[in-house]
Amino acid sequence: MLPAVDGLFFDIVHALDCSCRYCQEGMRQAGLEPSRESDRKAFGRRVLEEWIQEMSAFVRSFDPEVTIFYNAGHVGPSHRSVADAYTHWEIESLPSGGWGYLHFPIAIRYARTLKRESLGMTGKFHTSWGDFHSFKNRAALEFECFQMLAHGAKCSVGDQLHPRGRICPVTYELIGSVYRQVEEKEPWCAGATPVAEIAVLTPEEFTGERIPAPSAGATRILQEGRHQFDFVDTSADLSPYRVAILPDGIPVTGALGEKLRAFLNAGGAILASHRSGLTPEGDAFALPEWGVRYLGEAPYSPDFILPSGAIGEGLPETEHVMYLRASHVRATQGTEVLAETIVPYFNRTYAHFCSHRHTPSSGQRGYPAITQRGSVIYFAHPIFTQYHENAPRWCRMLVLNALRRLLPQPLLQVNGPTTLIATLTAQETENRWIVHLLHYVPERRGSRFDVIEDVIPIYDIAVQVRTLRPVESVRCVPEGRTLSYQSAGGAVQFTVPEVVGHQMVELSFRE
Amino acid sequence: MLPAVDGLFFDIVHALDCSCRYCQEGMRQAGLEPSRESDRKAFGRRVLEEWIQEMSAFVRSFDPEVTIFYNAGHVGPSHRSVADAYTHWEIESLPSGGWGYLHFPIAIRYARTLKRESLGMTGKFHTSWGDFHSFKNRAALEFECFQMLAHGAKCSVGDQLHPRGRICPVTYELIGSVYRQVEEKEPWCAGATPVAEIAVLTPEEFTGERIPAPSAGATRILQEGRHQFDFVDTSADLSPYRVAILPDGIPVTGALGEKLRAFLNAGGAILASHRSGLTPEGDAFALPEWGVRYLGEAPYSPDFILPSGAIGEGLPETEHVMYLRASHVRATQGTEVLAETIVPYFNRTYAHFCSHRHTPSSGQRGYPAITQRGSVIYFAHPIFTQYHENAPRWCRMLVLNALRRLLPQPLLQVNGPTTLIATLTAQETENRWIVHLLHYVPERRGSRFDVIEDVIPIYDIAVQVRTLRPVESVRCVPEGRTLSYQSAGGAVQFTVPEVVGHQMVELSFRE
Amino acid sequence: MLPAVDGLFFDIVHALDCSCRYCQEGMRQAGLEPSRESDRKAFGRRVLEEWIQEMSAFVRSFDPEVTIFYNAGHVGPSHRSVADAYTHWEIESLPSGGWGYLHFPIAIRYARTLKRESLGMTGKFHTSWGDFHSFKNRAALEFECFQMLAHGAKCSVGDQLHPRGRICPVTYELIGSVYRQVEEKEPWCAGATPVAEIAVLTPEEFTGERIPAPSAGATRILQEGRHQFDFVDTSADLSPYRVAILPDGIPVTGALGEKLRAFLNAGGAILASHRSGLTPEGDAFALPEWGVRYLGEAPYSPDFILPSGAIGEGLPETEHVMYLRASHVRATQGTEVLAETIVPYFNRTYAHFCSHRHTPSSGQRGYPAITQRGSVIYFAHPIFTQYHENAPRWCRMLVLNALRRLLPQPLLQVNGPTTLIATLTAQETENRWIVHLLHYVPERRGSRFDVIEDVIPIYDIAVQVRTLRPVESVRCVPEGRTLSYQSAGGAVQFTVPEVVGHQMVELSFRE
Amino acid sequence: MLPAVDGLFFDIVHALDCSCRYCQEGMRQAGLEPSRESDRKAFGRRVLEEWIQEMSAFVRSFDPEVTIFYNAGHVGPSHRSVADAYTHWEIESLPSGGWGYLHFPIAIRYARTLKRESLGMTGKFHTSWGDFHSFKNRAALEFECFQMLAHGAKCSVGDQLHPRGRICPVTYELIGSVYRQVEEKEPWCAGATPVAEIAVLTPEEFTGERIPAPSAGATRILQEGRHQFDFVDTSADLSPYRVAILPDGIPVTGALGEKLRAFLNAGGAILASHRSGLTPEGDAFALPEWGVRYLGEAPYSPDFILPSGAIGEGLPETEHVMYLRASHVRATQGTEVLAETIVPYFNRTYAHFCSHRHTPSSGQRGYPAITQRGSVIYFAHPIFTQYHENAPRWCRMLVLNALRRLLPQPLLQVNGPTTLIATLTAQETENRWIVHLLHYVPERRGSRFDVIEDVIPIYDIAVQVRTLRPVESVRCVPEGRTLSYQSAGGAVQFTVPEVVGHQMVELSFRE
């Protein structure tokens, strides 16, 4: 009989590219060809999945309640098919250990859609596992733990025991200093679930990359716009969301096309960019709802967007360079062109040359840059990848302006610097929502990775939450300080006087 | 006759590695061998220098007052010998254009020691030259311009004119919005010279690198410690300084040894690390004043520093990992060991293995890590390079604690987050000093470079300035808001209520 | 006026891949794209050809009789279009200087079809040009000069003068020792033209290679078979030949197809191998006369040929391995399969393995290896390339047996070792033919190149010449020794008692 | 009990570079460091040798008479220490299978000095092992087998059986056609041992190369000079030899120096070249007997030898280029300079340039090229490596002329082309010697390897054998044709009327 244990954590569980004679035999039986890399990898994935299912069944034959997790340093779309074999998700993500500060938000925003409790796992090290006698900056540890809470996840901080078996008191004082705060915050986190209204289809489902460039750009843009969003895969139920974003390269099969059409018919809106929406063959848009016809790659690059009207709000009406090549599209009958491209005099080649980088605008209109047809807005450029490359502010603003057309009343609106992250969770059993405000700024202080060292307080942050339900009180928690607020049009507005790193605000609803 | 011009800016003026027959002939006459790369480069440098001298003489034969600058994207020790041919220094440094945010402070802190007016040059582009129709974030442009002011330099913002010759009004509104502020600040910047008390010997003199790792690390540590410092070369006059820092790899020739000994005898102090202080042969320390004997490379790495006492102030008394290999030294008679290394059980090789990274501490003392003999403190590790690699906070603290022993009363002491930069300039003709406080945080928001987007105000910054002279008033300028202050022990103390990006504080001295 | 000169030799005249602005302009005017390598090379060739035409016209404006040659170390199909600008061909070909012993026969056999006098050029060096104070072995120099004579070419032996201007007597004794023999042989060489009955289409026309592998293999096979052959390009008149060989990879356009059909209709025969005969698209044979349908690449390789009957004469009736992959063809109605392939048990892959190299024969018949339809014999394997790779004797024998079917009475038949080369030239003005017998064996004695050192005499060589015309006398020349001979069926037969390196035999025809 | 077998052939027995834990442990016990490649290889060799000893002891415990061989495709100096574990040597050497035609003579000439019966092993394949359904040219198989006989070795011809187990009759007819001849020759080969008077020290002992360039060059030169020689290692007994050759790079330790001095004192002579004779440190000659002092590398290269007198016999008295750089030596008092170098005007560098290759002779004498002191002749150039590179005839002649000074009456003198190989074996029990004359010429007919196809008979070969003993009869065997001969001065002279591939001549001694 298995001794009583709480749970089992199986570490370093990866699919392998194996050519042993058993795998070769298995591939042949499965009609796969062992000399083809893609077949070997598919088979490796299949072997892994079968093993996971078997192992969980075996464990549960002893104790059906025990927790089970198979760790691969990430949770993503490949976990969906074996989710039943897991009791929960653990997102291993040490920002200084190769994951960076973008991995955790991307992974947790997906993992939590798979209907399991989630947990974030960082380490106490300055760098990564095995970095004995190093200490993460305390502000960094705070940020990493509080960000987990803000996403509805539990916390885990890894250490490695000295071989003599002596606990390092300095480490535990460091962790303790943060966990004492977590403990105080816990009542507002227990059982909390994130509230999201935007579904971003994850390119990981198609590329297998853990941090696809379009996901990284979308995460930054939406976080800096304080939107509430999940990453989803194409098997997800879209009905809980109001907007679906298809960033840069989401192919649309027949099945996905049907799902998106139903989503639009049910009142949803879509924001798609660049090659998103093309069929898997990549030569035509799958749905007429997109409002554009695909002609190929844009003939000029870089080209320019001339923002004006609502899509250009906050931007001067002048050309803004787009460094990455757009798709060349034509608006179909009835589609509104929100912004045109302006083309350069010529592409820069050996034959034509201008200055240090690209050729300036000729002032001539080119082809559509941003279009809208009904509830679908389409960007011809890979605008999310662009933002991940070098973060042009105008790219973020164009996306956020487009979202404002599709989602005029977002769940959460917050002022303050774009370094401020804001999320929303619900404790349904407590009949309340929690607004999380996080302000920690990673800086590339050493050449290897970003660090956080300071807590820079910010003050008087104006917040508006679209609750639809009547609110009974607004309080900074756990402190308990009551905030005055105004209700109007299904939303409450209030001002948070001070955010010192992390501040939760409780919105209690009337019964 | 030359038409009346204000000045001449010769662009892209580099020494070349040339093998043309004239250069070959020149090399042979100079006893250099054209097939040897180092000889060709030396000759290229010589040709360049002669040309610069000739060209300036030629220009001045028409107008001795015209300004002259030869641009190579950098100013460094190689400019010293031809400084007379220049009227001033222009530091071309676009942080998003390959220079990064560390280049300007390193270059200006050196250039200003060459006794010429200096000017910082950035661009209005989101990336670099030729990036038509792009716009730098306004906060970034503010930071870059105000940082120039804070270092006693003038401002230059580059643009590139559209070939049609039309000025882009958006660009000039952007620049204007910052230059209007510069104009208001100008009365406190005109004729201002930086006040510094620490001289950091630049490794560039030996390696030719524009951003040597030890310089990058030293710049961050000293800026985060709010110290006032210059980079100097070995020809510099050290007498204006109270401390000289030799970061990680400054060889000490006989002449430099004499200079350093005189500096010590005159009351100066020295902080040296790793291989700094070794003779050019690299096998022995040049001066007995160093207080240590060189034995070679440390036998263990990584090893650990156990901080305690004054050198460990603010750090727990436990092992702290040092990732880079130290020099192995023995303290000579009478030298105080401020911190010992603690060694691991073994070096990690194929033969001995422990966990994911390095081997933990065995608890055994190894060899000196930090020593002091008189006014010389020596770090066995390349602590400045280490800080540039991954910014361990304990490394900065050890250096700052060591500096506190050598410089108990620094010119400027400022609280607030380490993201705050503080500098000091003097307007001798106005009989006043100006404290500059800068708070802008670059973030690696895109994968290509750091951006600054927000101004994050900070409040109630306590400042202490060692003036020695009696102060008559302390005012935030250009606003003119008077601050209350206290004088004691040759210093004044006051609190700056708010820093919104950049704040200057004027200290007027009594006549 | 040009001073009286005999001729002009322009050296090192190559087409260049040039991107200067004049060439760019020229390419654009010609509708070529300068960024495309193939366009640049085509243009370079065109520039060269125009220059050659212009230069010859210029030279001839002074003296229309002067000799003119532009040297590029080779003469090949690219010379045809500018042949008028040349007065003769000089084949620079130093076997030890990178050309090897195969270059000269390949180049001269082509050049002489362009209707100009030809000249072979070797050097007196042990290696190549500029190898001062070295001496070619005398037997090697003999072979190189006498081989020129045997191909109807004149001789040139290059030297390089010592800068002091003194002639090296040893060099001129060496050259003289050979040239004295050439002088004696001259009466039988002056005005002599090669007599050939086989035209081998040169792959150089399609690949630009100077020594294409199929040409190298064909040269060895046909020389070892003592056949009389030229290399020709597709513009050549085929009517003087009785057999055309298309070795391994000669594509057949519509025009070439017509020419070959006319050749067949006029009584010619064709031997083609592997991909020769496919259309330029490469997926079907151009002419039904080939007698085979193209199905793609052979499914097995290596596979085996089972020779039998006439095609296998001299070979045992057992499998013979063919290392290179065949074309997969099916014989069309009425085509005779001269030899089948026998296939191995399986191809050797990771999945099936047998021994050190290839899989042995399964004994199963595969697909046709050699077919004949009318006067066309087709080999499915690249048999000429194969012979160039590793010289399997069975490959040569299969080709020679096939030729015997197409050319039952070749011009020349000679016994003796395969190291013996035999050629035939005609002195029409003298009403006589000359048989050249050459016996020198290059050996890879050093690792860099082949050398010839010895003259190995051979004896009693039986010769048969198909003259059709009645012969009056057969004499060894220049010695004058008369040989007895027999005439029968349009041929004469005689025995050459001794070949010491080179022996000419004169056949005088009756008036 | 072991069933009765004739012998055991262990195939593919190599020393391995192994890092398994057992080998690591073994290395540490042996004081070797597993992370050092040279230590691992030394240990791998040691493991192999121990295993060989153990295995032979084990086999012999069952049957002390059984034959034992461990095959590694070569026999060389590393076999000496384990020779007792072998009953005989088998020299696997397929000329077309990567070994080339030089491997067998080099390997057998060494192996036979280790006092074991030897056997040559080739294959019946056109290329190498596993080349099913291919057939070596019959003349090639003859040469390979008869060459084994000529070196006193037995014959082995490898085949690979078709998996169906059927013997290929064509193969066995091929082998049979040669073996029938071997059978006839056998009475004159059984128990025959090679007779040699020159010992060439093998560079393999120092470099581990199987075909060192100096060995290849020496083999060609001595074979073409019809000398009788062995390759030996430094442990060999030199007393049976009259001359020792140290080709190009044989270092002389103290022990070897003593051995060579004893050899000289006993009447032996030495021919050494280039770096042979230097101490292992490489900066001075080990023995004053060398007659030269080492000054470093020659200042010029290429330089020239001016042959004259006896050393230049057969060569014109003019400069002959030496392509490889000589050692720079000075003749010591009493040493005769047989030939001087003549130096070029300058070395060819970017600074001085002349023509396509090297600079011609300035006519100035440089430094000694060939010296003689007593019985030691020294060549400053790596003349054996030179001959292996590109076979300059003058290099061979200089060596052979030098040998004539040291060995005025060689065992065997043969005229005829240099393609003729001549060896001498003794059948002591029969009281006779056998002269082997071999004439087969490998030609690089395909690009991959040399082939032999023809037997080119040669006639009237004059032979002189220094027998010292009175001869009773001279007969061509096995035919039995008696030759007339003359005896004079301890030698017999006779003429072999015809050599068709291989001819043995029996010299029967009077009792």
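Structure notes:
Residue numbering begins at 1 within each chain, and the chains themselves are lettered A, B, C and D in the order written.
By definition in this document, contacts are C-beta pairs under 8 Å (C-beta built on N, C-alpha and C of every residue); 3 or more make two chains touch, one makes a residue touch a chain.
Just so we're clear, the structure is a prediction, and the values are computed from it rather than from any experiment.
Contacts with subunit B and subunit C are shared by A, D. In terms of the distance between Cα centroids, subunit D is separated most widely from A. Centre-to-centre separation of subunit A and subunit B, using mean CA positions: 38 Å.
Between subunit A and subunit D, the centres computed from C-alpha atoms are 74 Å apart.
Chain centres here are Cα averages; for subunit A and subunit C they lie 69 Å apart.
For subunit C, the set of residues touching two or more other chains is empty. Pairwise, the chains that touch each other are A-B, A-C, B-D, C-D. Subunit B meets subunit D in the complex at residues 19, 24, 34-35, 349-351.
On the side of subunit B, the complex with subunit A involves touching residues 96, 126-135, 137, 160, 162-163, 168-170, 173, 213, 216, 220, 304, 316, 318-321, 345, 354-361, 387-394, 417-419, 441-451, 453-459.
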